[in-house]
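Below are two complexes that have chain A in common, paired first with chain B and then with chain C.
Moving on, here comes the complex of A and B:
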């Protein structure tokens, strides 16, 4: 038997190692972005914010970033109604083909993205819409939708079915029951799912790579293109901007619904 | 024929609710079988039965959450099977309350009015009035999870009543409360119901609650209505062994009927002939039929000396098996060897003499034939 004291020490050691491993890349990038030198190095050589000035001035990076935001917005806006309705339906009703749907919900972890990416490249290519931004948004929505559905079903399964009956008993017709009772009950899940969808689309690299051309490069692809030429600290700075975006999303989530819900959603 | 039909229909029109031959089947299982009853306007009716007896099913059919497999329900004289729940003007308090968790107490109470498109002024006034009625004035801005069980209960009542429905349905809303609060809320229900005069159907498995709050009681078991009577009648003259056993604490003696004359039966138990016993209001008993004699725990007296039981017709010796002190009374378990070793539950109120028997003591138990009821044994008690 291990004493509870030494057990605590072991557990905390593991936690510390995990935290270091998880945060090390972020810290390295953060440090490198403030370098005064012209090389990406850690620890940084001197401190300056000149690389942040540089990315502000770099119109290609800025435009790629704006394109990424548009893609994320499209992805999120499409996923909200689809994911919410699908999530509620899955939680509330005995749906046919439940097995098939469960397998679909596992897809993001099983199918290599390159596979779905190529599939969508063919579809959108045939439609002749490659090079526009909305196909990228739709593609991100399709591959990440299971996350949205999960978030919604997790809060919908807390929905006591008597609540809708009670609303009916109070005189609410079906649409009002949905709007006033069902929707607010799953709202935390919808918020969680939306932020998740937004961040995932903002970060999506592989599928974007397959679907963009020179006119519609998104930020992750733009960064990738730059790495292939020369690695300068402005890439570290733009990575920090990314991290800040994710940080804002997490903070919003915590403020709006609390992180415990986010972590609980299966 | 025509005339009597017409008379019946007008009686149904006066009833606030009228349930006619309603059955509800799930697959091949009947949750409710051929239930028929009326609830007169302004009355408080309780459906009493053990868990699984079909009470909730029946109540939900009245509320409109599902259609009966057969039969028809009339509300205010109109058949309602084609009326969806939100168009039936019925208030309901759910077993688990089903308050809307994302709304405040006042928003919960306002919801039925909002759905009925009352103007903001009326809603505010009415909500305040009903929160006042359930003694929650000033609590309107509380969130549901910030309220105690009893307060949530009151919010649910206010929500069910605020739109002044013709009918109030209560599905065991007190089951989750502790005893003291439950008893307080029972009286509260009674007070509010009297004050508003709203026809009420209450569902419970708690026989005490049924006695305390109701004008009328319907006892249900296995989806079948066993008896419909006012509380006193249901208690004093149960219709069958199930009712006798379910309401109150009842002892049963088994044996064949030896003679039947008018309203009196004699039956034999362990070689003793017990005669002059009233026939229960159930099915007819014939000589030779196996039957159960039921006698309430509080109608049996226990004493050490025979003189003390001189006024009782039946007297048997027994031995105290267990003695439980319940404050205002003693509860004895008495083994009566003379009657084949049956165990009797006896309530003994002796607030003056404080007699107390101990396990192992030999005692006499006695009762009068008029307090006993005999039922033919189609199904056994317990």
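Moving on, here comes the complex of A and C:
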């Protein structure tokens, strides 16, 4: 950054407030999870890990977490082939009605979540599959699919047509060219996309809330239902699971593709 | 025989077999249709949404008979009339609309300096720190973040306990309109910064140096160079923040405590509390229409590339 001291001060003032705003809930939840008391109080009543022990023993929380993992896994497994193929098709080939197809594939972002969620609730309800986990996974996949397609098309600048022609020239048939030339070129995008899909599905709340019943609640819904009744530190401890998952996702993202890709201009 | 097997390893045989299967399923003569085949699964998946919209549309035209609790067989626009004329929904709609405007303005006010510092700083450590601080809440999810605010702002929360230490009586910080807006701003900041950052990256730093060397101070440089060039990013980010906060459910539900419902909460209540599916469906469809119009405006003004889907097109 260039410029005078006053500029630095003004910019940093805004950034500092934003940083506090962004980090305060995370830090507080982390702190509250280690409290020794039965209530969350300030200043804390001492340190303990007893609430972590408590959530290990709570089978409803554990099962909700496992269900969330299953939903995320379904969402990611479905979105990888679907999003990768669509992304490559959009980036590599001349497609008729490309504009229209792009706008259509952006529908999950343009339709408000409550609309998408209720629509899919009606669709899955008519199919009689509500209460199972796979519709939730599919629904999470649908609403976040543009992230996957975007990640793949963004890395498609690595696609090199000459390389494919060279491979063809050396006798590589279409499938081999796809597996050894096209796919590795977009792999960073596929990794970014699948990480995003997994973590967003793990956190997805509203669509889960609409699609689950009492026996198939996912963890965010479970936390929401418990918040309504009473605030206890075991919720903070289980929330730390999400913070840890987010931390792992960010570390992976940074190691594998670098966080800087989100700053690049198109 | 043995020699030829060594020269032609098993993996090659498998590949050959797969190639043959592929060629059988999708012969080279269909090559021109290949991209459409690749797009098909995505189109089908998103089709679920379209199907959902049609079902909402169908439900919205059926009126609930309050005596039998059955929905009418024939279609009518009664639900829409009720949604438009009802004073309750007008209050909820104006509360959501005004809230989303306020949230958008404040979010952009903080997102712009954040994105600017992140893009312009020469320290890669600081950039990474800012990125991590941005992604962490983004990846944690709304419920946990709202829960954090409950701990901080609640009646026995940190702020009130701290105020109590200096002798100030507890203040009710939660379950009011500002608390919801506050939560929404925090929720929207990562979205806004991530949409602004590419737009700011695209502005060459030399332009700012040039303005500076011509005698403009940083405020003028910001006003006449950075802001105009970042305008597409600002408008894009603004509209995304506005639609997302207009249609949000979790923050008004948790931080509003039922007294500060936004449109999404009203829709949810129609489906799950009052069980008037028809009215809820009519409200959903109207919200979808408003959201689509807002996004349509972005497309019309800036093209569909605004949402970063056109990258890499040769």
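Please note the rule applied: the second predicted complex is superposed on the first by the 248 of 266 C-alpha atoms of A that agree within 3 Å, B and C clash if a C-alpha of one lies under 4 Å from a C-alpha of the other, contacts with A are read in each partner's own complex, and residues count from 1 in each chain.
Note that a contact is a pair of C-beta atoms (placed from the backbone, for glycine too) under 8 Å apart; a residue touches a chain by one contact, two chains touch by 3 or more.
This is a predicted model, so every value here is computed, not measured.
Which of chain B and chain C touches more residues of chain A is settled by the count: it is C.
Of the two partner chains, chain B is the only one touched by A:171; chain C is not.
In the overlay built on the shared chain, the residue A:4 is in contact with chain C alone; chain B does not reach it. Contact with chain B, but none with chain C, is seen for A:185 once the two complexes are overlaid on the shared chain.
In the superposition on chain A, contact of A:62 is made with neither chain B nor chain C. Judged by the touch definition given at the top, the superposed model places A:50 against neither chain B nor chain C. In the superposition on chain A, A:122 contacts chain C only, with no contact to chain B. Residues 173, 176 of chain A touch chain B in one complex and chain C in the other.
Partner chain A is touched in their complex by these residues of chain C: 15, 18-19, 22-23, 28, 34-36, 38-39, 41-43, 45-46, 48-53, 55-56, 59, 109-114, 116-122, 127-128, 130-137, 139-152, 154, 156-158, 161-162, 185-186, 189-190, 194, 197-199, 201-202, 205, 208-209, 212, 217-219, 221, 243, 246-247, 249-250, 253-254, 263-264, 267-268, 271, 280-281, 284-285, 287-288, 291-292, 295, 299, 304-305, 307-314. Of all the residues in chain B, the ones that touch chain A in their complex are 60, 63-65, 84-87, 89-92, 94, 96, 98-102, 111-112, 115-116, 159-160, 163. For chain A in complex with chain B, the residues that touch the partner chain are 160, 162-163, 165-173, 176, 180-181, 184-185, 187. Across the complex, chain C is touched by residues 1-4, 6-7, 10-12, 14-15, 17-19, 21-26, 28-29, 32, 39-43, 78, 81-83, 85-86, 88-95, 99, 101-116, 118-123, 126, 138-139, 141-142, 145-146, 149-150, 153-157, 159, 161, 173-176, 199-200, 202-206, 209-210, 220, 223-224, 227, 231, 235-236, 239, 242-243, 245-247, 249-250, 253-254, 259-260, 262-266 of chain A.
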